[in-house]
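Order as written gives the chain letters A, B, C, D, E and F; numbering starts at 1 within each chain.
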Amino acid sequence: MVYVTRKAHFSSSHRLYNPAWANEKNQKVFGKCNNPNGHGHNYDIEVTVAGDPPHETGMVIDLKKLADILEEEIVERVDHKHLNEDVDFLKGIIPTAENMAIAFWKILNPKITEGKLHSIKLYESYNNFVEYRGE
Amino acid sequence: MVYVTRKAHFSSSHRLYNPAWANEKNQKVFGKCNNPNGHGHNYDIEVTVAGDPPHETGMVIDLKKLADILEEEIVERVDHKHLNEDVDFLKGIIPTAENMAIAFWKILNPKITEGKLHSIKLYESYNNFVEYRGE
Amino acid sequence: MVYVTRKAHFSSSHRLYNPAWANEKNQKVFGKCNNPNGHGHNYDIEVTVAGDPPHETGMVIDLKKLADILEEEIVERVDHKHLNEDVDFLKGIIPTAENMAIAFWKILNPKITEGKLHSIKLYESYNNFVEYRGE
Amino acid sequence: MVYVTRKAHFSSSHRLYNPAWANEKNQKVFGKCNNPNGHGHNYDIEVTVAGDPPHETGMVIDLKKLADILEEEIVERVDHKHLNEDVDFLKGIIPTAENMAIAFWKILNPKITEGKLHSIKLYESYNNFVEYRGE
Amino acid sequence: MVYVTRKAHFSSSHRLYNPAWANEKNQKVFGKCNNPNGHGHNYDIEVTVAGDPPHETGMVIDLKKLADILEEEIVERVDHKHLNEDVDFLKGIIPTAENMAIAFWKILNPKITEGKLHSIKLYESYNNFVEYRGE
Amino acid sequence: MVYVTRKAHFSSSHRLYNPAWANEKNQKVFGKCNNPNGHGHNYDIEVTVAGDPPHETGMVIDLKKLADILEEEIVERVDHKHLNEDVDFLKGIIPTAENMAIAFWKILNPKITEGKLHSIKLYESYNNFVEYRGE
């Protein structure tokens, strides 16, 4: 079994807040991430697929195909967008990196037909990142 | 003469548009950067100060002081903010990286009292960055 | 379950030697890391916490709080210090990256009260790093 | 148990093709990686060894020794080489990153006598990398 | 005046040799870069354009347009290619990073119609890079 | 004219203090960098040589030779050393990055016989670096 990873990039804005809460509680819990006009990040996403590379190709998954899936299913829908306002599959979800990784998994998992989706890693900044393995 | 650089980081959202133009022209000129709800970036800023390191200290400028100036004058005013909406010194300016670098120079230049401000470098993403040298 | 990581940085000096050994054996085992006056590194530490992000916050752990714990418990005690001489919790320990990661785990583990400490990763240089998972 | 990683670098050229296939099928499956005159990469290899650091040394494995093994067994045999033409241990193998990681494991595993080889990670480019854990 | 930089990436193979020289001299001068079957690199290219950002756009040059020029004129012609064999504009040129930067300048300079081409920076590896400013 | 850069790395410890000053003043001026037992860094050094690449080689300077000069003249004398205690050519100099860059220039300048030494860039950490151009 080999783990194959493809990385992609997108730049988005978001705001962390829970609409069920008063402003004061939102401010207390989410701090500067709660700024009403939002803020933004350059996100890196790493998608890891696990499988046995077949003898004829030596490739767990065609990386070009994986890159295309990632581009069409994720990047085109979130890049240069406001994650709270512009992204259908994030509606009603607080767009923390944790929730985004889980949402990306749900979209990508049925699309991965060679090998098996193993992990979604999402870097929100150089110092903060999350990983979700479907567990 | 030695050039001393200090780097800092901030995460902001912005939208590129010219209020004097129709939506269609804004869309044509600024493309996906014109998305009405904005998008965002992790910005890196590098401030370079030039000078002769005095014999007694060997330092062109106290880097701790430079870091503090950068933090107070720039990072605290733009980090986790919407550059078009929340930042007083960017009001009326299209927040391209070019314009931001020039605006940062205007703020920082009078604060640098050891050595001489030489350059402001601003990275909007891994692939895009600008430099302004006050020329 | 989502794995959330926060990175921090510190710059320290250290010397690798075993006081129970003769100089010659220390030199043979630790090579240039045994230099009597020590040497130093810019260390990166990555702390990973695992947990389920609650529906109300979407966050496994408040990253600001995790950053503060990391700063107070680790960075303030080792940054710009000599690891053999200045750090109480490393007394009597050979400050290899392996031993440092284990020591950091012991300090951080009881402080992590949201989620569960999963991993301490410590980069001594671009080419050398270690990971400890409490196993 | 601590996981210790050493990174190394090499620059090689290769061509992806299956000699059992017609040119057309090779082109279809491997795309631009099938270019007859080949292309190349700066590869990063990370070798991870797991073990308990003994009390006397605090080191799972002497990193200098691990670096030397990596240099002699891998880097010297692939650096500035054409992977299809010049590397004996890759003869008859399609030099995808997956197959290279497996081939490196087979060579390195018997050489690791302190600790236990845990993982080979191979970066073909900034956006593409694979990991093999001997499973 | 602001300096705006766009970065792009390509992966190529090459061989350094002077056809006017005997094998022995080529080997002596170019060392392992003279390997007959070639070797390869992941190259980064940074193109810097200098100009005054007009008031209406705040952009020295439309970065999307610069990225497209870079993609069409350079990346598509060298990516996943053998620089000695497959690239028309490098025929008869020893493909050192120096010569490549000069060749890229000659191609890009007439295509930059907003602002003025200021610099081509070419990274052959993490440790080796060159810059050409048309001087 | 092309600017060719070679990067190298070393890990050292140092302490910033001026022996002509009282402890209190040293502490005030150099802050945590004045810690009596020292601290350390992973330094990156970039040496840039400018020249015209001759037609027969396409190389401003043989990078292998430049790398060897850098290794012998600088890295071997500072790597895994205490800069205040162990390095002859830094005796009597406060080892700030500024002073180190100037000292490295003095050593390297007479050794560069192909092309002309243009710049020494020294990174003390990810956020702090200096450049000296012999001016």
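We adopt the following convention: a contact is a pair of C-beta atoms (placed from the backbone, for glycine too) under 8 Å apart; a residue touches a chain by one contact, two chains touch by 3 or more.
Since we're looking at a predicted model, the values are computed, not measured.
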Magnitude of the superposing rotation for subunit C and subunit D (Cα, nearest 5°): 120
Chain separated most widely from subunit E, comparing mean CA positions: C
Centroid comparison with subunit D (C-alpha atoms), farthest chain: B
Intercentroid distance (Cα basis), subunit F paired with subunit D, Å: 33
Geometric centre distance via CA averages, subunit D-subunit B, whole Å: 41
Whole-Å gap separating subunit D and subunit E, where each centre is the average of the chain's CA atoms: 28
Touching two or more other chains - residue numbers and ranges from subunit E: 126
Pairs of chains found to touch, sorted by chain label: A-B, A-C, A-D, B-E, B-F, C-D, C-F, D-E, E-F
Touching residues on subunit D, where the partner in the complex is subunit A: 16, 18, 20-21, 29-31, 93-99, 101-102, 126-133, 135
Subunit F residues within the subunit E interface of the complex: 1-8, 53, 56-60, 62-64, 67
Subunit A contact footprint on subunit B (complex, rising order): 9, 11-14, 32-33, 35, 37-42, 79-82, 85-86, 125-126
